[in-house]
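In the two complexes that follow, chain A is the common piece, with chain B as its partner first and chain C second.
And now, the complex of A and B:
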């Protein structure tokens, strides 16, 4: 029996191989802003984001991109940040999110991924 | 009469070196001014501003009026050294000209007059001159003595910390300190031989003659005096003492209307050189509470001069302006800090293409821009809307789905990125056709006033409410609540708004006085100026501020900045409110008598309880 008769499709493979992921940025960010390690991915930052009202930027997603080494997506997303600092004030864990953004930009520059 | 001796050579060489270097530096600073500044300079030189500047040079560079304001003893120390030495030079010149009858003498001649002229009769009014010169020398020596004490215990000068000097500065300092005792020594030894001294040198000479061979020592003493002068002059351009010539030029340029901008310019460089490293800014910095040291303008400017500035040092600042307000030279430390951040910050390559292109053009009298931080503290926004509706103002809420004003980006030195937001907001506000731009956030206020090109009135809500009260549109019934007011950095020192919030609060209740108010108010610790400061460090700063501001048991801690409010709320036991909330409360209450009586009662009990606990 053909499977499309069941009304299902097959999603593309969404596995992420962390062994092959590029985590060099993550390491740099962790060194530069140690409070990054306190993040519990609650999403308060994304909920309060000024730019998030107008576009799809989400610091929580940026976080995931960073941890999975999805540099291209990260680079696109992070450029939308206005650095207003609301996320920092909303963070229940005291993560210096504003500096995390700056640290990611610096890490992108240091690793040379900024231009790719 | 002789008028030359080889011992003047160290002095002369040092003096010539210094003169050439100052001319070179001044020329460099002036040539590098931009076109607009050069025009201002040319116009200024021929206007009355030139005279006003001269007056200020006298008051600040010689008398050190602002130093006196900071601390009288500190003021006297600087004044005695600067003004005392200046008068020594002037009087010495007058004296030597009376002696020779010539219009010009060699520069060394007045300095070493006592060596060259030993016959009293050749100088008119000799007794008066020599006693006056002795008095001035004594004044300078008292300054040197105080400076020595300040190095050991700076506390009696009202300074908990004084500048930590590097070797180069210490050498310059020692040569400066040596000049005057050596002058006393040389003149006294000569006086012991020729009896040409005043009340001090004559007596010191007699005293020294009792146990020293004055004949043999006096000549070497003049050599040493000359060497110390020469060494000091050579040290000036490389040490903090370059501030002496630089500050004079700075005062002139400032009077001509040249100011520092967010871009590091020739004028900024002149400001950096004008820093005397007096250390007045050090105690003002709240980062000491968070255990961050050697970050204040003193050290920041030194690092710029030594070309050893690091990104971390540039970042280590809350941009609260406390140091700028205290600076006796009035250097715009914050502007230089931001300008230098631009050279360290990595570009964001920002992409703000998502910003909506077209805005609905709703006409209104007042454009209300709440700002990001106000959106985070909705009580302020609601209060402002309530006030505007109560006063029946035709307003348009500009940033209901708003964007940032751009100042947070500017604070990190990313001016280009911020410009994109500035242009967007400008279009938005111009589209509304409003005559007044009303802001709830002082951070936005500063950006809109300084970095936007808008032809309308830009007002913080405390100014606006005050104006509504003045025009009798808004009546605030007198209350009995006790308020402690915190001046937000960007509103008070940043925009010069001190009186309006106080006027509103004293109408609505009673205002508690604090040692840390107006220019001396604290930063709440939430500043966006410092990007890498940790939450723990911020907490220490905030706790200290909250403790200080709630010392008098107020009913509420009032501020006029959403960021300050947000920061305080975590740590304050008394309610933290924005000034707009206070106003909205009293007008919505309709101020029924019973309500106010209740407040009084609860206040009475509260105060009583707290007193008991003590």
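And now, the complex of A and C:
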């Protein structure tokens, strides 16, 4: 608003407030796929992803969105996964990454956030 | 931890502040922003504390704003600063006192550089000699004017007429303190309390009867940040920083904000108006803003100086709600009279921020 009068607006705050973050999805994913708790955020999954070569998808970024409760961004990002499971083969911690993606889809459905 | 242990550690967070005989340098912008502040400092030092404060009209800008916007190179700025030191040396003074936090940061940066790289100091002597024929001796003591008010805060309240308490309820007023980033974030040992526990304003508030508000974004920048504001396209960052602080302090219902930098009171005061015009949001009680003061203005109020002599009428956020709480009398009809008694006219009222007292 009033940008014309001032020549600038107020930049939106991009602070991530973990006290107020919506972590309900994270909890559902942790329950549905316990191996997710072993993730060390190394990024091997993202580096090996074929879809990531062609689109913006990064499983490591998906993990960050999930842990920060950034549901809108998460919903967009997981749509790009083709569920090939290549990341699962690359993961040094044995996280069932393919199932993590599926668990996020299910959690979105269960919480109603898929529709938003 | 035992009290003695705490006191022992706290010693490391102190700085030496000279007792008397100050060579005083003004800020280049403060007289426009808060015109009574430097006047109040001089009056307090000379008339209340009977100190020797010397000022030389040949003093110039330290060029700090130009330096931080990458227009003035370090070598140029260093030579300008060397000239300020030469003026002090010629006047026979050794204690350099700067009214500006940006300048204080610049002087600190240069003195630190010279300490670690003596060849740079040698160049400063050479450049100054070549350009002006002058030479200088480095100050024995460098202080910000806020340090001086801090040092004599107990003397000030002892002579004072008012304390920072609600005159009806006797409750301490809730004051937000905001320290300029260049005061101690760059060279912590040069500020009282260092970068972690800057105490310079807290000491004044507590000794003058108020209560400090501890809120989450207490140490966040006010939003000035030089290029954030000076480049118009970046001003959205500047105002976003200020808003972040206002949003964070609002739930604590502060009665005032106290600052020690030229930029901070400017932005914390004026941006409250800009935010109210852009978003209709105000942060004080009943559509008012939160009054923003400099430490000289607050010291002046404690000492019973007339609010209009202190220049409080040029604040964008009216300070009357604070004056009413402390019980400081003022004449509303004199608010917009000039020094010579001439009517200077009334400013246009903002759309949302309450500016004139309802009659």
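Basically, the second predicted complex is superposed on the first by the 102 of 116 C-alpha atoms of A that agree within 3 Å, B and C clash if a C-alpha of one lies under 4 Å from a C-alpha of the other, contacts with A are read in each partner's own complex, and residues count from 1 in each chain.
Criterion: contacts are C-beta pairs under 8 Å (C-beta built on N, C-alpha and C of every residue); 3 or more make two chains touch, one makes a residue touch a chain.
Please read all numbers here as calculations on a predicted model, not as lab measurements.
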Contacts of A:10 with chain B and chain C, given as first, second, both or neither: second
Chain B versus chain C as contact partner of A:85, first or second or both or neither: first
Which of chain B and chain C A:53 touches, first, second, both or neither: first
Per-residue touch tally on chain A - higher for chain B or for chain C: B
Contacts of A:33 with chain B and chain C, given as first, second, both or neither: first
First, second, both or neither for A:112, with chain B first and chain C second: neither
Chain C-contacting residues of chain A that also contact chain B: none
Chain C partner contacts - residues on chain A that touch it in the complex: 1-2, 5-13, 15
In the complex with chain A, residue positions of chain B that touch it: 345-352, 354-356, 372-373, 375-376, 401-404, 406, 408-409, 412, 414, 421, 526, 528, 531-536, 563, 566-567
In the complex with chain B, residue positions of chain A that touch it: 33, 35, 48, 50-51, 53-55, 76, 79-86, 89-90, 94-96, 98-99, 102, 105-106, 108-109, 114
Partner chain A, residues of chain C touching it in the complex: 232-237, 239-240, 243-244, 274-275, 277-279
